[in-house]
Amino acid sequence: MEVRDLLEQVKSGKIEITTAEQILKKLPYEDLDFAKLDHHRKLRSGFGEVVYCRGKSIEHFIKIFQSFYEKGVDILGTRASKEQFEALKAIVKEAEYDELSGVIKVVRSHPDKIGNIVVCTGGTSDIPVAEEAAQTAEFFGSTVTRIYDIGIAGIHRLLSQIERIGKANVVIAVAGMEGALPGVIAGLIDKPVIAVPTSVGYGTNFKGVSALLTMLNSCAEGIAVVNIDNGFGAAYMATQINRLAVKGNE
Amino acid sequence: MEVRDLLEQVKSGKIEITTAEQILKKLPYEDLDFAKLDHHRKLRSGFGEVVYCRGKSIEHFIKIFQSFYEKGVDILGTRASKEQFEALKAIVKEAEYDELSGVIKVVRSHPDKIGNIVVCTGGTSDIPVAEEAAQTAEFFGSTVTRIYDIGIAGIHRLLSQIERIGKANVVIAVAGMEGALPGVIAGLIDKPVIAVPTSVGYGTNFKGVSALLTMLNSCAEGIAVVNIDNGFGAAYMATQINRLAVKGNE
Amino acid sequence: MEVRDLLEQVKSGKIEITTAEQILKKLPYEDLDFAKLDHHRKLRSGFGEVVYCRGKSIEHFIKIFQSFYEKGVDILGTRASKEQFEALKAIVKEAEYDELSGVIKVVRSHPDKIGNIVVCTGGTSDIPVAEEAAQTAEFFGSTVTRIYDIGIAGIHRLLSQIERIGKANVVIAVAGMEGALPGVIAGLIDKPVIAVPTSVGYGTNFKGVSALLTMLNSCAEGIAVVNIDNGFGAAYMATQINRLAVKGNE
Amino acid sequence: MEVRDLLEQVKSGKIEITTAEQILKKLPYEDLDFAKLDHHRKLRSGFGEVVYCRGKSIEHFIKIFQSFYEKGVDILGTRASKEQFEALKAIVKEAEYDELSGVIKVVRSHPDKIGNIVVCTGGTSDIPVAEEAAQTAEFFGSTVTRIYDIGIAGIHRLLSQIERIGKANVVIAVAGMEGALPGVIAGLIDKPVIAVPTSVGYGTNFKGVSALLTMLNSCAEGIAVVNIDNGFGAAYMATQINRLAVKGNE
Amino acid sequence: MEVRDLLEQVKSGKIEITTAEQILKKLPYEDLDFAKLDHHRKLRSGFGEVVYCRGKSIEHFIKIFQSFYEKGVDILGTRASKEQFEALKAIVKEAEYDELSGVIKVVRSHPDKIGNIVVCTGGTSDIPVAEEAAQTAEFFGSTVTRIYDIGIAGIHRLLSQIERIGKANVVIAVAGMEGALPGVIAGLIDKPVIAVPTSVGYGTNFKGVSALLTMLNSCAEGIAVVNIDNGFGAAYMATQINRLAVKGNE
Amino acid sequence: MEVRDLLEQVKSGKIEITTAEQILKKLPYEDLDFAKLDHHRKLRSGFGEVVYCRGKSIEHFIKIFQSFYEKGVDILGTRASKEQFEALKAIVKEAEYDELSGVIKVVRSHPDKIGNIVVCTGGTSDIPVAEEAAQTAEFFGSTVTRIYDIGIAGIHRLLSQIERIGKANVVIAVAGMEGALPGVIAGLIDKPVIAVPTSVGYGTNFKGVSALLTMLNSCAEGIAVVNIDNGFGAAYMATQINRLAVKGNE
Amino acid sequence: MEVRDLLEQVKSGKIEITTAEQILKKLPYEDLDFAKLDHHRKLRSGFGEVVYCRGKSIEHFIKIFQSFYEKGVDILGTRASKEQFEALKAIVKEAEYDELSGVIKVVRSHPDKIGNIVVCTGGTSDIPVAEEAAQTAEFFGSTVTRIYDIGIAGIHRLLSQIERIGKANVVIAVAGMEGALPGVIAGLIDKPVIAVPTSVGYGTNFKGVSALLTMLNSCAEGIAVVNIDNGFGAAYMATQINRLAVKGNE
Amino acid sequence: MEVRDLLEQVKSGKIEITTAEQILKKLPYEDLDFAKLDHHRKLRSGFGEVVYCRGKSIEHFIKIFQSFYEKGVDILGTRASKEQFEALKAIVKEAEYDELSGVIKVVRSHPDKIGNIVVCTGGTSDIPVAEEAAQTAEFFGSTVTRIYDIGIAGIHRLLSQIERIGKANVVIAVAGMEGALPGVIAGLIDKPVIAVPTSVGYGTNFKGVSALLTMLNSCAEGIAVVNIDNGFGAAYMATQINRLAVKGNE
């Protein structure tokens, strides 16, 4: 049975909604093409559509956005160039762009934001990655508190903010160079910390590897790490945790 | 001199404002020693005492356990040798030992376990690390579901368990060699996955680095990574998430 | 004795075919220059001429193609730029170009394609490398089935195609980022899988090293690996296996 | 329906062979436990049971072998210690052991060997890995030709054997140190070469990484690589190719 | 609210002791913004303001300089582009620029330089990094002696300068390629040597890693290392040591 | 002219002490053997004799110690085994041994200790390396303040000690795992910090490389790094700085 | 005494040639500046002046060449850009340029070439590095035999040239990708082989590291390695050996 | 025709020596087994038999030595254990062993040593590798001058020996830790330097990689490098050069 058939039977009353829901959760994938499946996953997981824009041709990029746009869903684009955004803007008027992080948003639903995710950075150069995280988390429906430039070279800055940080359900700590920020935070609060190493630095920073290793070797507990510069990935997991904290396991 | 004393002296005029200002610049941590602080962190975070046993001399090891034991708290020891355990057992009768994972437990409080953390492994060789995670999570008060040996070389095994896995508040996925298990799970469920690479393998496995890289580069979202073989760290963060899911942000 | 002399003697009946064949198999190389030798190897192995175009000057590039073109053989160019192709097109009308993969083909013989090689990818960004493989395999005379974008982040997509994949004589599995696709496929079918890591990804992907390590450490058996982005090399070996499956060891 | 039930129905004529075959190919995995599934994969793929012995306790090791032994199937153990073998020998009289490679065999079926796999090495120190490959391939039913110690430091040794090597359906080339052997062979024959780097060497050999890189960067085509010291993996894939060459794609 | 205000309110009874205690727990940084804090550190440590310019937009860059300029302090900019400098020059007439090292200085105070820091290089290509160090040290008030191009390939050049080098309070030794200069100097004098590896070289230099490793493994004692190309960091520490040598621990 | 001749001429009054001193500072090395030269360097630099004991045979080890012992000088042995010490003790009664750090001392002169070097560690496992540093610095005549186990996972511990640390002329900060301690200290005080990464940790710690990278990439200034576990080297440089702070550049 | 004075005294007969020679060999370096010293080394070692051009500004580049040009000596420039050459050509008419290798020569002396250095390459892409070697060796007075594109993928090409190669006094073997050429040559001849890895290749070639490792791990003896792409360095050492073979140790 | 047949014909006068020589140089390898070929290469290259002993079983080791011993040739064994030597000594009375380097020699011919190879080391820990080099070079007939422990930490030691070093035909410079010795020597003499990195050191030495990189990046020219700890390989090439210097290209 295909998705379309199922839905028609729901519409015509031939099948109960509860039954259809059960079927959809275990939908056989055999006869589905790629787009359908992904659509299914998005609906189930409660996350809107996301497009990783880097490296996509303008033509390809527009095609994907239009396809989602026609479905009426909210769309998030990450690592988009200004050129990509301008091509999109000509077609989709409500498209918004954050040049710093390269995030594009097309938002038409406006549900209330829930919970609290703190996004903080060690320095100002880490902000583009932090913004990718913050805007992604907001797109997925979380309240975000930004606390930037509190790196450990001047530990007072961090300490003065620790109470605000401690109120979060989950913290995204973004840092390049030595990457020690997430470990210090994790030692001071009792909420999970998702560490994002950035490629900010030079020499033995090795494009973020140094920060990554610091985070993996943290003496503090309550910390886990995502790929270098992966603000999006951190926000995705933080959203899952934030939802659990607010709604429990539905 | 404590803060309160200082303020009282300011109020009573026993101390000049300028002097008090100087003193305050180097407070409030001045009068605290290490033990107090740590005790404070444990109490606040709701986690019992933990001892990393590897490399500690028997004498040193016993001293630490006795010190905690006298305080009447529960104690968890990780990566303990059999020799260490036997020395402890002679003194602390209720000490328990899991030889596979090297976990020692001294448990005197027995509150109900809460929530649900799934701990799964790719192969049977990953079980020691998984058990460190599972027993740590149980020690910290979480209900744990073990699902071992469901690696992706035979994807059927994983698929047959996916419904059970999806019921967790958070999943700890432990895998060595190619390390692809956490990514596949994250693509199939909507809960956060904490990935633990293990040093299981040989050659280009590079003692777990290969599995670590796989996990950091996962195409699926909702996944973050801890250090190689760090079952304890994964359980700590999973416990934080599990508590948020059950109790919200108290 | 040179190859040409030998062939003329075969033509004129001065030498038996069986004898000439024996001579050709052990042809003394002492008096041969480079071009001749390579010609010999191509003839013996049944593979047409191939030119690795990257980094070659237009002048050099044209010279090589003309030289082969005058011999009347089919020619494959890999990693060619558009500029190179356009210079060639001005001279060789039947030249074809695939911009995605950078493959140039000059094909004048049209024998039936044989057997079945499946080329699949984890994501859409892996397609350029996959096309280099697919077009190379077709150029060498194999039937190719393309199955793209079936990465393991959404395992349903792969599972729905596994029956088609299983019909191949040999599978070329192309994947970047975490690189787990070939291992999952190898665990599901009973044919050899040639894994091609791609440099698609960022951060700890290390330009394909992460995917490469995943493939080398695969828990599944029946899998071997080629260099990062080496679609051509994978197709070459797949063609050898496909021929063995169709024709046996002639 | 379980495999055993299905087969009984086939035997009793209640079900057609063609139908049963179809069922087996898509066997639902949902209610099966691990052992059953694996048994299924082995039957379908035509490979006997294999046990990776390294690191397994004697108790665990014996349990697994006995379990397979009772099913009456042939069993291959790789990387077994002498101690493991002796414990097994006390129970299973027909167990054989090759000390050099650590291979244990329990063989009760004796079908004719088919085709031709050449296993060759660069030096004498590579022989343990080569023997793991050779004995695995024989266990899986292939005829194996061993040609050892033909490394490129004395290229005459290799050239004198090239005709014998060229008769193979597929070549397994095992080499440590500089690892150039597989590339030279691939340049001289027209059959696929599976390259196995070994950890033989010292200093910048980096436990086989140097040989691995050489093989991945080979200028010659028709070569793919497995993990360092992975003779078993090479033999598995070689067997698949050898079967295709002899029987075609059944 | 500042500390002094708080204390005055305590004294005058406008605020309760318990309340003040609470406030103080989150002080002295609570009410300070970033600039103030840093200002505090600068004043205490005796170092002027420093701006790391690389990667900053012209707009951002000018804003920061103007902000400091208005405070009347001296300002050092490192790794500035010519474009950045020219934008600054249009506004701040006394700004100076060293194109080689990318150092910008705005100096209005002119205290006497103290002590003696020797800055030396292995080759002429290391001079940009050495100048960053030398100009930073001068900016911070140290007398600097430059001794360039005395690399160990022609050891005579170094030996002829060793007496001058030995008169320093501290030596900054800058070297790329093999990076052996600091070790040779440390073996010949009795003052601390701060080693700066540079990214000068090619191939196995690995952008300065080779020089870094040489310096970390130096057989000579009295040597410590900073990040690759980090002339600024070396000068900062050298200034601290130079001050100790001239003024003792004030 | 040899050292002995020179000294005889000084004794007999044929040469002025000032002149001899000048000559000795530039002593021609041409006719000197190794032992003489080193003796000279030690005298000039003011450091006693040091023996790196690891890997030396008992026989060789004893020979070297006896040779120094007969000269009546103080001797420091680093990384000595208990077995080496016991062999020495049988001959040299005043030899002392610190089992934790492997330091052997033979001290016969007892001048007053000068200045103040703080040696601190992140954890208790770093203490062996810290003790190598502390005992070396004491052997070389510096007053040492030990502040152990103040790692950043519980930042309060560090903050409560920062005033004591700030009184040092120079700080040796020893840390394994994430290695962030030296950077945090350098951000809080205005004295030079010598960072010593230790090989304490597991997995991605890579035997101290992670901590080393953290230290090299520190955002704070006033920090330089020595080789992994090189407590001795840190103490040597710290002693040079401590002397400069107390005595200036004599 | 300066070199000029010494030479004037030789000219005027005030000093014997033998004496002057002795003086020059141990020339005190104390009062010499850099250029003089290098001049001395060049004269003694019998090698003309060499300028590494990459990264030098046109102004700096011209200044150095003019300085040498005025001394009337032969000059070799390596890794020069076309732009650098054209600026030079405007001033120095006899300057020659090889675009492939980036070598500039200004040759005014024309002594007979001596001996025989064979320079060979694995592929055509290695020729730029090989030409740097060949032209350097010729500039230094050696006869050079070029044998290019004899890589081991088609071993016949190499074998057909082995007799010519074997006549050399020393062989420079240049290879990228797998880098096996030098090892095969060293196994076939009895003269020293200097191996030059090149950065030719992609993926796991790691910019020449793979070829470098192959050469360092060569099973054949009589081979040593220089830095990646260092044709100049190989030619320098080859010239030393070639001179020894022709003239002995003068 | 086999070698034996050829030689018998030479003996009986049936074939001219010049003709036989020609035949031997191009000896067809087709029908020869390994031992014969190697014997041929040894004879042609003028090097005696060499056995790499590490990892060989006593039984295997003895078999090889006996086989060579019966041919009456001189035999060199490298990296032999004391146990291996003692087993050999029981059979071959004239076997000699150097415990430091692990070199075994069975020498029965005693031709005059020729030329001059200097073997020098940075420290005393490098001596085992240096002795492997020195004894190998002596075994192959060269005069060897040992100059040990002249590392650059005390450059005077090296400078005092530079005249002796400069008299060599070729220098083998052995160094661990920072590995700067070969570069300094190459800058001071005009003979080729073969650099041998050793695995002496700890931490960032990475078992010799640091020293290796230093040597590959040497600013001085006239230097090439062999594998870490490969004293044998260095001696082999040095012998080739020494022979060329003494005898020219025969």
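What to note about this one:
Labels for the chains are A, B, C, D, E, F, G and H, by order of writing; each one numbers its residues from 1.
As a working rule, a contact is a pair of C-beta atoms (placed from the backbone, for glycine too) under 8 Å apart; a residue touches a chain by one contact, two chains touch by 3 or more.
Chain labels with UniProt names: A, B, C, D, E, F, G, H = PurE domain-containing protein.
Predicted model only: the values in this text are computed from it and were never measured.
Counting hops only between chains that touch, chain F reaches chain H in a minimum of 1. Under the contact definition stated at the top, the chains bordering both chain F and chain G are E, H. The most distant chain from chain E, with centres taken as the mean of CA atoms, is D.
Interface comparison, C-G versus D-G: the pair with the greater number of contacting C-beta pairs is D-G. Of the chain pairs D-H, D-G or A-F, the one whose interface repeats that of F-H, sharing more than half of its contact pairs by residue number, is D-H. One simple way to say how far apart two chains are is to compare their mean CA positions; for chain B and chain E this gives 40 Å.
Averaged C-alpha coordinates give centres for chain E and chain H that are 50 Å from one another. Each chain gets a centre from the mean of its Cα atoms; for chain C and chain F, those two points are 61 Å apart.
Chain B has residues 41, 154, 159, 187, 203-205, 209, 212, 216-217, 221, 227-228 in contact with two or more other chains. Pairs of chains that satisfy the touch definition comprise A-B, A-C, A-E, A-F, B-C, B-D, B-E, B-F, C-D, C-G, D-G, D-H, E-F, E-G, E-H, F-H, G-H. Residues 125, 149-150, 154, 156-157, 159-160, 162-163, 202-205 of chain F touch chain B in their complex. Here chain E touches chain H in the complex through residues 122-123, 151-155, 159, 177-180, 183-184, 186-188, 201, 203-206, 209-211, 213-221, going by the rule given at the top. For chain A in complex with chain C, the touching residues are 29-32, 34, 37-38, 41, 55, 197, 199, 207-209, 212, 227-230. By the touch rule above, chain C contacts chain D in their complex via residues 26, 41, 44-46, 115-116, 163, 167, 169-170, 187, 190-192, 194-195, 212, 216-217, 221-227, 232-234, 236-237, 240-241, 244-246, 248-249.
Every residue of chain B that touches chain E in the complex is listed here, in rising order: 3-4, 7-8, 10-11, 13, 17, 20-21, 24-25, 27-28.
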